[in-house]
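Both complexes below contain chain A, partnered by chain B and then by chain C.
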Partner chain A sequence: MLDKFFKGAATAAAFSLATALPAGAVDLQFYFPVAVGGGAANTIEALSNAYMEANPDVKIDPVYSGSYQDTITKVITAARGGNAPQLAVALSVDMFTLLDDDLILPFDDFLETDADMAWVNGFYPAFMENSQVDGKTYGIPFQRSTPVLYWNKEAFKEAGLDPETPPATWDEMVEMGKALTKTDASGNTTQWGVRIPTSGFPYWLFQGLVIENGGTLANAEGTETYFDSAPVIEAAQYLVDLSTKHKVMEPGILDWGATPKDFFEGRSAMVWTTTGNLTNMRNNAPFDFGVAMLPANMQRGAPTGGGNFYLFKGTSDEQLAAAVDFIKWITAPEQAAKWTMATGYVAPRPATWETQTMKDYAAGFPQVLTARDQLEHAKAELSTHENQRVTQILNDALAAAITGQKPVETALKEAQAKADAVLKAYR
Partner chain B sequence: MKRREWVWGWALILPALTFIFLFTHFPAVMTVINSFWSTPRGRRPARFVGLENYERLINDPTFWKVLTNNLWYALGTIPLSIGLALLMAVFVNRPFRGRALARMSFFTPTVLPLIAVANIWLFFYTPGFGLIDQILGVFGVGATNLLGQGGTALPAIMAVAIWKEAGFFMIFYLAALQAIPPQLSEAARIEGAGRWTIFRRITFPLLMPTTLFVSINAVINAFRLVDHIFILTGGGPDNASSLLLFYIYETSFRYWDTSFGATLTVVLLGLLCLLAIGQFFLFDRKVHYK
Partner chain C sequence: MSRYDRYLFSTGAGLLALIWVLPLLYAVWTAFHPSAYEANFTLSAPLTFENFAKAWNAAPFARYFFNTFVLVTVITGAQFVLCTLAAYGFARFRFPGRDILFGLVLLQLLVMPDVLIVENYRIIHALGLVDTLAAIALPYVASGFGVFLIRQTFMTVPAELDDAARIEGAGPLSILWRVYVPLAKPTYLAYGLVSISHHWNNFLWPLIVTNSTETRPVTVGLSVFATTDSGVEWSVINAATLMTSAPLLLAFLLFQRQFVQSFMRAGIK
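Coming up: the complex of A and B.
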């Protein structure tokens, strides 16, 4: 009797174990941030579910982890507590930070066949600049963006400008900006020509100006910055002059988050913001708008931005292999196309743009192509060791210059000295 | 028998003590210890650096900037929110039509989470189409950019804190006002005292214990509540609206410089200890308890 009971219990236990863990099941935890409005989180969930249906032996647990900033904080905290996720999407520029903390693994260990090599070489080179160091690949581009110029065609028409021609150069942007800036009877400005938002992370859009002016902010190794070089100082002066000298941009720090709304309300006729806002603009702008590449000075230029997939240490080879397989799947053309249409992020592989889905979408909404076409002029986003601190030094200097607390040159010279002090340890 | 009571006493207090040591005293001691070590990074473990972190602190202009900001913030928010709380409490203590509505609307900011409050104010402050600019627009004043200018960012943050805190302190004053026996002011009126004299010589002294309690809370909050900064300015422009605790968060969890974060925390702990001691020993003497 008792014997039978034990047998029964053992069978029940074995059964429940078997249902909980199908043979060879692999669990993956996947942290992802959402930095734009809309249904980005739902799209990630839907894609994960689709993958699990096709691969029943893999269980993916996608965890929405807040903003990029929250995500990196959560990932580092979890990893330090010995509980790292297997994979996460985090800012591409945090690569050095994650490497310095010894938290991530290169993808190279999992790339064996020629097909694998073809896959990793199939991303836009501009996106790989922030993803590789010392000949190894640490990040796989996923939700990547680049800033573009949105312009209000109706406002252009009203100001007597050609609504189909956006500014192509810095000087044109100032000239058109002057035509577009409107003041009312009591001298208050009701519509500004241009808006380059400067709150939070002004370094990003500013980097666009720097590249256009032929400069660079940092070297590829992330050990040197060039904040006080002539092209950088000139670019900062141009940004400040937009408000103070040319009076085509609202003075002070301009909020990043309020920028689309400011554009919809007709307070700024041209705005610089991420292509990740494209679907938002399409759904909410009450007027016809265009999307252009950022204007050139010495050359065209823009930084890349956004998040990469990272692989974390502290998990089994089996899990890591499954994670790599998932990343390969989600960056494949059909899946990437869904992701791009849901958000406006730039599909990171040329192959995606060759799919019928994407071709049809672009035919009805050609604005989506601007960001892709701009990629050939794009450079890696500012990324150094202790990235958050170094970029904050530049952010503070830009804010001081924009609000007139310090002359441009002084602010950037001080910033360079501070960055040198931080980066000394890594040279 | 006596001995056993002693054991019982400790046994009863033990759960509370465990938590207080685990979550308050132990971290505080660890913070002080960490401030003498370097930040461990990846394969480089922490090493003992003595007072190096403190040296860096003294030479860090951002630290002095946020400390100065915090002092202005305290000086600006504490007296104003307490004064406003007292004024509102006296106002809603008298019977009048719509008193319940007035009490409720004064208290509402307290019920809202600070993050939600900050989001509301973010809309108020938005240049051009925010509430403040819409109202100013009626009078022909152009767009303002209060959060985006070095000179106005900190006062704008302070206004949010005052708006949030005053209602909370009002509740304490209201309770205290209702505990004051009405005979006192009646007697004073018979003696020919005016309303101002009654307030100054009777009501206000009797409210002193509440004022002490409220002011300690206000001081602590001036150093403890930074949630709204995340939403409104992120400490900018150029640290113009950054406070000490916000800087501690940035240093520890954004730059991951945990040992320098610990050093900053030691300063904050020391500062709060000093303020608490000062308030209890100096201010307490002037307080009239019944």
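Coming up: the complex of A and C.
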């Protein structure tokens, strides 16, 4: 009864909103998060305005919605309150959460023609892994990233290493790390070999180690995790050994946000962090630096990350058609190139890299190509049902192992048991 | 108290104060120096206002400040009126179900506001108020804490004053206005401070229930600097933090003596 009242009110509100617009206009509300500096919000607004100029019958209202975490809270709250946005950018790994809450629509209803199918198949497959389930497409890659290794060429030269050759394997990273680690007369380390930040969301970079070690953290259906499998335990052991055994990485939890600064000031000669940092590094590193793929053990590997476009239930057919058209437009080569250059995110379609704009950009700044080339080795980011709880379980286990509170194997076995308890309901 | 004790106390207090003020000092240091001096404390470092300029231009802060100012004024004003009337009723009138009702008001103190976000949003949406300043304020205007605090203060007012005013022919509202409210001034000041600083800092609810520049408060503007993916620019974020908290800091410094006294009288710690 009460529900009906609210629905009635919602329709009335929607109606009054619709009548306020010129006849035939389609109104789209678009929530977007910002996780990088450099005026990302302004770029989104500029792109939306450009689209509206070309399509005067569509009105897009881009709404800044905080961090990724805030965005998913805002999206879910608004949708449950009967006021879902028509489209939003949210983490690709939130797909199962949004599906479990029954809030999003698949894109497949709008992919009828061959041209549409070509469009959806034109994204890098590594990005689509987190965007499709049960043969349906729920997310369209937009602000996607992947971690890479940045190295300080001057520090390499000083340590007697070839400044043009980054480590290609785990063993090389340890060896080079040892050469790069410097201590002063009183025994304090002034420069560490490598830094893999572990604060906040350690599972992400750790997943890179797992893939390189031939392992996997979860199945594609998001119902099983493999936290206590041999490759995962070995990868965690390697991460811990970097500080405790090889002494090439600062011990303890290493802050994510302070990592670029640490690199600029020469306290770490190599750092692992997202490609989202590329523009920041380019503007602020006081020395020549290189960007490399993450080193391999059994194989090369890296997770993907970042945000996808989603469509929401409660949207009219007209609005849906306009929303899909907007998404097609903004992921098209010219627009995606602008977005990539402003933010450092990896352009999600190979076609973008063929544009003259991107070719010129890459010619002057070849470091941007590393992330793209690494995509063929990349796998889906860890994503399961009840994703936030499950990743938190893994994060806590990793923190316990890194700080030495628990042996690596014990921590991961306990994490697997906890994850099993959460995911049992979805099997 | 021996002289030795006194030294010990003042050294301890000084140390605690220093620990407390360190983050603020760091914020001031980084905000006024180029980012190269974020972790490099040389006295000869050049001073700059560039961080403030950058921060100010990163979001429409002028509008955000105006919104926040209107918001805290409206919320605190509405809270004073509603809480005073409710507290007066609970403190000085006998009516059936009074204790149960007061129990319910106290129960509100145990509910975390974040739990209610979805329900609050549903109601605000049903009222057609999404994306307005009223939407941010409405869930907070009836405050259980305010009712409780003011009622406790009213209870301490001697009944003789109340009786004397009645003999002079004053009605209930006139007694409230002339006797109770003036005697509870320190409580209002203390509660006002807590309420204003809380709503000045509130972030999640305003972010969720508003969509446009015209309705958003400064905290939403501040959040654009939390760029976790690309590394945090401490000098700019600290300049923005100082800028957004400056009005509160200044007000506190100006009225410091009154605040400290009223806290001691009102017994809030």
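Going forward, the second predicted complex is superposed on the first by the 407 of 427 C-alpha atoms of A that agree within 3 Å, B and C clash if a C-alpha of one lies under 4 Å from a C-alpha of the other, contacts with A are read in each partner's own complex, and residues count from 1 in each chain.
Here is the rule we go by: a contact is a pair of C-beta atoms (placed from the backbone, for glycine too) under 8 Å apart; a residue touches a chain by one contact, two chains touch by 3 or more.
The structure presented is a predicted model; accordingly, all values stated were derived computationally and were not measured.
Participant: For A:T113, decide between first (touching chain B), second (touching chain C), both and neither.
Facilitator: Neither partner.
Participant: Once chain A of both complexes is superposed, is A:I402 in touch with chain B (first), chain C (second), both, or neither?
Facilitator: first
Participant: By the touch definition at the top of the document, which applies to A:G200: first (chain B), second (chain C), both, or neither?
Facilitator: both
Participant: Once the shared chain is lined up, is A:D61 touching chain B (first), chain C (second), both, or neither of them?
Facilitator: Second partner only.
Participant: Between chain B (first) and chain C (second), which does A:V34 come into contact with in this model arrangement: first, second, both, or neither?
Facilitator: A:V34 contacts chain C only, not chain B.
Participant: Classify the contacts of A:N283 with the two partner chains as first (chain B alone), second (chain C alone), both, or neither.
Facilitator: A:N283 sits against neither chain B nor chain C.
Participant: Which residues of chain A are in contact with chain B in one complex and with chain C in the other?
Facilitator: Looking at chain A, the two contact sets intersect at 73, 76, 200, 258, 261, 265.
Participant: If you look only at chain A, which of its residues touch chain C in the complex?
Facilitator: It is residues 5-6, 9-10, 12-13, 16, 29, 34-39, 41, 61, 63-67, 70, 73-74, 76-78, 80-83, 145, 200, 256-261, 265, 273-274, 276-277, 279-280, 284, 344 of chain A that touch chain C.
Participant: Tell me, which parts of chain C touch chain A in their complex?
Facilitator: Those residues of chain C that touch chain A are 35, 38-39, 58, 117-118, 121-122, 124-126, 128, 130, 204, 207-208, 211-212, 220, 223-234.
Participant: Name, in rising order, each residue of chain B that touches chain A in their complex.
Facilitator: 41-43, 126-129, 140-143, 145, 147-150, 233-234, 236-240, 250, 253-257
Participant: For chain A, which residues count as touching chain B in their complex?
Facilitator: Its residues touching chain B are 69, 73, 76, 97, 99-103, 186-189, 198-200, 250-255, 258, 261-262, 265, 267, 386, 388-389, 392, 395-397, 399-400, 402-406.
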